[in-house]
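Next come two complexes, and both contain chain A; in the first it sits with chain B, in the second with chain C.
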Partner chain A sequence: MNTSAWHMLLEGAWTTVWISGVSIAIGVVAGLLIALIRLARIPIVDQLLVLYVSLARATPLVTLTLFIFLSAPTFGINLNRNVTGILALTLNTTAFNAEIWRSAFRNFSREQREAAMAVGMTPWITFRRIMLPQLVVTSLPGLVNEMSFLIKGSPAIAVIGIVDLTRVTNRISAVTYEPLPPILAACALYMLAIGCLVWLQRLAERRANRLAV
Partner chain B sequence: MTNWQILWDARDQFWSGFLSTMEIFGLSISAAFLIGCVMLFMLEGTRPRLALPLRIFIDGMRMLPFLMLAYVLYYGLPTFGIRLNAWWAGVGALAVYHGCYFAEIFRGSRLTFPPGQIEAAKAHGFTKGKMFLRLILPQIVMQTRPLIGNQLIYALKDTAFLVIITVRELTAAANNLSGTYFIPTEAFIVVIGFYWAVSIVMEIIIKQCGRFSAKRGFDHV
Partner chain C sequence: MSETTLPETAAVSIRQLSKSFDGVEVLRDVNLEVAKGEVVTILGSSGSGKSTLLRCINWLEQPDRGSIHIAGQRIGVDDAGRPMPVKTLARVRARTGMVFQSFNLWPHLNVLHNVTEAPIHVLGKSKREAEEHARALLEKVGMSHKADAYPNTLSGGQKQRVAIARALAMQPEVMLFDEPTSALDPELVGEVLAVIKDLSAEGYTMVIVTHEMAFARAVSDQVVFLEKGLIIERADPETFFTNASTERVRKFLERES
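This part shows the complex of A and B:
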């Protein structure tokens, strides 16, 4: 592999990183919103969200990406590839994040909420000052775990022609006729990224355990 | 409603795609389960020199996207003169990849396995293999069934990746149909319905296993 091949590989890695990063950022916030809405138990909305979470967890990412990419134009919506990729990854990860947030909410200590009520905090201030900071710490290990799953699923966006870290190996081997070196280099890059996340998860877990004591 | 009529007429394609996906899934998941069990046995400590490389291998697989392993088998192996077709490369990659995940799930449960049982079995003269097969494996498999269920759903979702290395399965069927008749929305809704149905059925089966294992006393150890 020469310099230009490495250059292409790193460009592919950058595509994977930024698309995953945007999806993670949107997915974490949207997951929190969905968890909050589900806690409110609004009649029809609640059932719809249950349906969405169940469907999104069962749909393969490749199928979801193709579905959005091919069917959006029939509704007159023009999405470019990158937006489609982000949308598919986000829809998938939001469902998982919503469940993580929701279980953190359900396990939140009742005493603290009652104490906050007793000292006259409004629900919004209770949420912002008391609950959210602790919820972030307790659900962080799960969220980071889901992030690594997202990166493992991100090659799905290659199916609509985005040149990510997986697909770029095909491009390089089309020039060099040696498929193995770029694939192994890509494997190493993926391991580096996911290894970092695993390490972060361990850190987060240690912090969460310290809070629980 | 003519679009649905077209899809109904093309139901053979969906059905063969579905069967193909289930074939890949069934074969690879059975192989993965066996690989997981064998890896757990090798981690038991009969050969300490084997344990460390195996742990590194398992952890390495867990840090890799599934598609990369499929790429290694499909595009990489011909460098060494081993030529797999897309179908076998896909099944092999799924089996090895999820085998490692199974091994990791089993290993986590093995760490909390009560040592008293093993000492009792040794005192009764069980050999290593018999003890593993009769005592350790059934309990670990039954205890980890929620995680196994999760992993089965992940494996089902990973079969869709194989469309990228040109395996003809369910997602490929929808892709072909939407290319031929230009009705992508309906075709993909049907396919997503198929995946959804299969994962719901798997969840129900796992729950039924829970009833079975409660009856046989696996849960209150």
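This part shows the complex of A and C:
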């Protein structure tokens, strides 16, 4: 592989990283919001969210990406490729994250909540000061797991022409006629990204040990 | 019990309190006045409703009928008889302090921050002021050497003493103890009871649910016996333990001693 091939590869890697990164960031927060709204059990809203979560979890990423890309114009919405890619990844990961947050909420200690009420904390202060710090730590293994699934699923966005880390290896080998080196390099870069996430998870688990009473 | 105590001056005033769980009445027309500085112990066999009664006082359980006033202020229901807004309820609750059987410390905060959390975020105290007060309270319960430790490194007795400091930090009108030593190994019970005894000597108002008879006798001004949700005996500790008027209480005391 020559310098221009490496250059292309790194550009593809960057595309994967930033599109996944934006989707993860939105997806983690949106998942938390959906979990909170679902805990409030608002009629109709709750059913709609259940429908969304089951649809998003059941649809393959490639299909979802294509669907958004092809259906947006019929609704008169003009989405560029990157936005479409982010939207698809976000819709997918949010659904999984919502379930992760929700189960952490449901399993949160009633005793600790009662202790917070007993000292006069409002539900909001209890959430903010007592629950959230612990929920983040307990949910993190699941969330990081989901992040790595998202990164590994991200080549799906190539279906609408985004040149990500996987797609770019095709382009390089079309010029160099050597398919193996770029795909090997791509694998190494995926492993690096996932490796960073796993390291983050270990860090969190060390902190989580303290929570085991 | 002093009949002259007005509800306005009583630390806790419970009137005609009733509560059912799934059709089973656990509290029936309970009346109880706790004067300022008084220590009231609630005794009874398990399932008699004593924990429920205690948990109604700070509205962790909602009674079906009756009223509870904390230092003259009604809890749970506003003047028009509607359920209190959550913020108002939280404010009234803050005037009571509760110590739980299973301690219920917050594991993500160290000992000092378990104690300062509510004063800072509920009362709006400054961090410095809250920590100063917290350190004094930890000193009082003999836990100042563990201020930086996390709850999972403490023994049960130490956890409970921190939980007492946490409740005291809100400077409540009344302290509620829900079987504070029932989850402790026998050799750790003494250190927690000693702290509660100190508090009674300092004039704290307390309502205590316990199975420790000798302790109840030593610390109480008034002993109340609950049976199937009814108060069937109330007396000063001497009379209660030596000369109870009901057969049921005498049986209970025989079994417990």
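Keep in mind that, in the parts below, the second predicted complex is superposed on the first by the 212 of 213 C-alpha atoms of A that agree within 3 Å, B and C clash if a C-alpha of one lies under 4 Å from a C-alpha of the other, contacts with A are read in each partner's own complex, and residues count from 1 in each chain.
Please note the rule applied: a residue touches a chain if its C-beta (ideal position, glycine included) is under 8 Å from a C-beta of that chain, and two chains touch if they have at least 3 such contacts.
In this text the structure is predicted, and so the values were computed from the model without any measurement.
Peer 1: Give one word, clash or fit, describing how chain B and chain C relate on chain A after superposing.
Peer 2: Superposition check on chain A shows chain B and chain C fit without a clash.
Peer 1: Name the contact category of A:L61: first (chain B only), second (chain C only), both, or neither.
Peer 2: first
Peer 1: Spot which of chain B and chain C makes contact with more residues of chain A, would you?
Peer 2: The partner with more contacted residues on chain A is B.
Peer 1: Looking at the overlay, does A:A118 come into contact with chain B only (first), chain C only (second), both, or neither?
Peer 2: In the superposition, A:A118 touches chain C alone.
Peer 1: For A:I44, is the partner it touches chain B (first), chain C (second), both, or none of the two (neither)?
Peer 2: After superposing on A, A:I44 lies clear of both chain B and chain C.
Peer 1: Go through the superposed model and pick first if A:E178 touches only chain B, second if only chain C, both, or neither.
Peer 2: In the superposition, A:E178 contacts chain B only.
Peer 1: Once the two structures are overlaid on A, work out the angle chain B-chain A-chain C from the Cα centres, in steps of 10 degrees.
Peer 2: 110
Peer 1: Quick check for you: in the superposed arrangement, does A:A158 touch first (chain B), second (chain C), both or neither?
Peer 2: After superposing on A, A:A158 lies in contact with chain B but is clear of chain C.
Peer 1: Return first, second, both or neither, reflecting whether A:Q134 touches chain B, chain C, both chains, or no partner chain.
Peer 2: second
Peer 1: For the superposed model, what is the least distance in angstrom between any CA atom of chain B and any CA atom of chain C?
Peer 2: Least C-alpha distance: 27 Å.
Peer 1: Share the list of chain A residues that count as touching for chain B in one structure and for chain C in the other.
Peer 2: none
Peer 1: Which residues of chain A touch chain B in their complex?
Peer 2: Spelled out, the residues of chain A in touch with chain B are 54-55, 57-64, 66-67, 70-71, 74-75, 151-156, 158-159, 166, 169-170, 173, 178-180, 183-184, 186-187, 190-191, 194-195, 198.
Peer 1: Going by the contact rule at the top, pick out the chain B residues touching chain A in the complex.
Peer 2: Chain B residues touching chain A: 60, 63-68, 71-72, 75-76, 78-79, 153, 156-161, 163-164, 170-171, 174-175, 178, 182, 184-185, 188-189, 191-192, 195-196, 198-200.
Peer 1: Which stretch or stretches of chain A touch chain C in the complex?
Peer 2: 109, 111-112, 114-123, 125, 129-130, 133-134, 137, 210-213
Peer 1: List the residues on chain C that touch chain A in their complex, please.
Peer 2: Touch list, chain C to chain A: 58, 60, 86-87, 90-91, 93-98, 100, 102, 104-108, 117-118, 121-122, 150-152, 163, 166-167, 169-170.
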